[in-house]
């Protein structure tokens, strides 16, 4: 039984996506204090945006990556400005905000389904289970799949941008302040609503970028956003829900475990159906909640 | 000389609850005005009302002649009014420098640097922990950071809500000393809410005794300190 | 043309089934404050029990020898068993009661298992845990063929086959509505009794309730066991009414719809549940009928779901207390406010 390089590379690509998704989920949880059950849908909104652009403009696939960012970001921003922010101003409690995110999930997915119908009708294209064709780069004699290269580069550069924004700019300091103590930030004259809305836009953009990579790996459909929700939550909770770095590491742990675990369990002598794949993030989720409820971030922030 | 505060029949509360039941008083310019009273008398609520953090149920607040009753906190802040909350007055996960920088969010870089120098001259102790996260600091050091965050705004009036609560006597003396210097050296107006009534009244000009949301005494601070009934009944200053 | 009689049967039976589900959700969420987002799992437990057992017991009672795979032959054998039931009503009733009994026990046991995380986790963690557990349950049903026929689904014999046509359909309405009535009455009695006041005390102020000597863990465990058994009963009736069980039918959307009904009607008030279910069923059926008359560039089912999502959002935003709000006379409700940073704060809010 040998793990070939393709599976390891697939694990890397999947983990790259998951890291972006759990990082962005964590960013929204830090502002709203409630987990957003429509987070996976932001990725799908992003990829449908990019796909639509591809149908209309016939450009190289990777050039539509920023479109995915934009669509994901704008949709998340709309969610925050139109629903969460007014609800919170009216004193909605924790469970109500959570149910609202579930309602947004249902509305978003059915909206995407309707959109897929319209797309198919008007452009005669695959609007469900569509895939993106990859390109192969030749770097110093080594052939590298575009997906491996671009997804890794995207994660590295987005993380770097986020780090600089949060740690080195005045707006980033204001963002961290507004997340930690919105009341005090307000007193100091910081527009907390604006800061939160920006966080949502960024989070949606990150999710959109992750979504862009989906059709390179698997056929993509509107409901995929809900299917990937479990590993995203598992990664975010494993990361400690209030730690951005924890979320990224959680994304890689869950992603690699899911891909390698599913592969190993489907081999002889176990021969388990790959349909049981969600059992792996589920197990990680349960184990985290039982053994390390504060997540892995508590391992290094303890004692501070 | 115009008063800094003219408070007329002010009612303050939260939601449906009224805690301050119509108080009328004024604070003079360059005065150290002390508000004392037993626990739950509404001292903190009154300060929050003056800064726009609790809802005004009635009455009027004039600040330097301007009606600020309905202004949001950051607008009051722009008029030179500063408020030093008792709790949660700093961002724990940020460094001291970042905290102070945030307080001066709207200043340009040069102006911020200039003011920061002034503040560090006034509170030189902070120099020792500028780059540390607030959550690693002691209670007294945190109070000094919160103090600095207000000073960077160069206010004309500062309202303190129990700045020495839970501090060691030595640290409390230091804070009291700086508060006094705000008035004497910098000519600011200070409103001070204190649990430590004795210390506060000793250095105050005038004082107000607040009991269950109403004024029980308003006059010279020294007089309240030596008042036979009030001092022992409400402030525990006599046996 | 739409057959009005069959439409009424469908509306009546589905109303009953969803009323049972919504009553159990109202009991757990509205009264006790545990949002059970794994509802569909307990519903499926009931249906899967029927799917796995009804046709097997039926063939045994009828003395039919099974030939061929369960997955491919269950529909055929369920038709044969239905034919046998047509002349053996007592056997049919026995199968119904036996599966009902077993399913409610299954539901209750699963409910007790679910109470373990429900007592310990914050609501959003709990929700994702229960949703994922339900999904794994569904995936298991879908992939393990001997249980309920995998992706093909399983046939369920008609336990009312002994009634003449017409009376049989009415029989299903009656069955569904009488179980719904019983479930709702249990909810109503609990809600208006001292027990219900205790539940709401726990919901609103856990610490205070525990200082009054209430064993919160035990209360939550019991309520989840009861609520889950109720959902399993709904699954049993659903399986017999539909005549088949298909694993993929039991997806998280079902839970969402039940939540929609409870919130729409007004959580915390059993009468709200009655209304919420009715509004949903009528809206859903109207859209299903409209499907025959309106031409849209997309599937109207998606439009219906979109509408339900937006409807729930609007209710949450503009009328969070629902159509029939909770009556404050039953309990003085101390609202749990949140500070702007989201941490709970004990104070009265507007």
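So that you can tell them apart, the chains are marked A, B and C in the order they are listed, and the count of residues begins at 1 in each.
What we mean here is this: contacts are C-beta pairs under 8 Å (C-beta built on N, C-alpha and C of every residue); 3 or more make two chains touch, one makes a residue touch a chain.
The shown structure was predicted, so the numbers you read here are calculated from the model rather than taken from an experiment.
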Distance-maximising chain from chain B - centres being C-alpha averages: C
Core chain by centroid distance, with centroids computed from Cα atoms only: A
Interchain centroid distance [CA atoms averaged], chain B/chain C, Å: 57
Euclidean distance of C-alpha centroids - chain A vs chain B, Å: 45
Centre-of-Cα separation between chain C and chain A, whole angstrom: 31
Multi-partner residues of chain A (each touching 2 or more other chains): 180-181, 183, 186
Touching two or more other chains - residues of chain B: none
Interface hub residues of chain C, defined as touching at least two other chains: 349-350
List of chain A residues in touch with chain B within their complex: 170, 173-174, 176-177, 180-181, 183-190, 304
Sites on chain A touched by chain C in the complex: 32-35, 37, 83, 86-88, 90-96, 98-100, 102-111, 113-115, 117-118, 121, 180-183, 186, 192, 226, 229-230, 233, 237, 273, 275-276, 278-279, 281-282, 285-286, 289
Of chain C, residues touching chain A in the complex: 29, 33, 35, 37, 117, 120-121, 123-125, 127-129, 131-133, 135-136, 139-140, 142-143, 252-253, 256, 259-260, 263, 297-299, 302-306, 308-310, 312-313, 316-317, 320, 336-343, 349-350
Chain A-facing residues of chain B, complex: 51, 53, 73-74, 77-78, 83, 85, 88-94, 98, 101-103, 105-106, 133, 135-136, 149
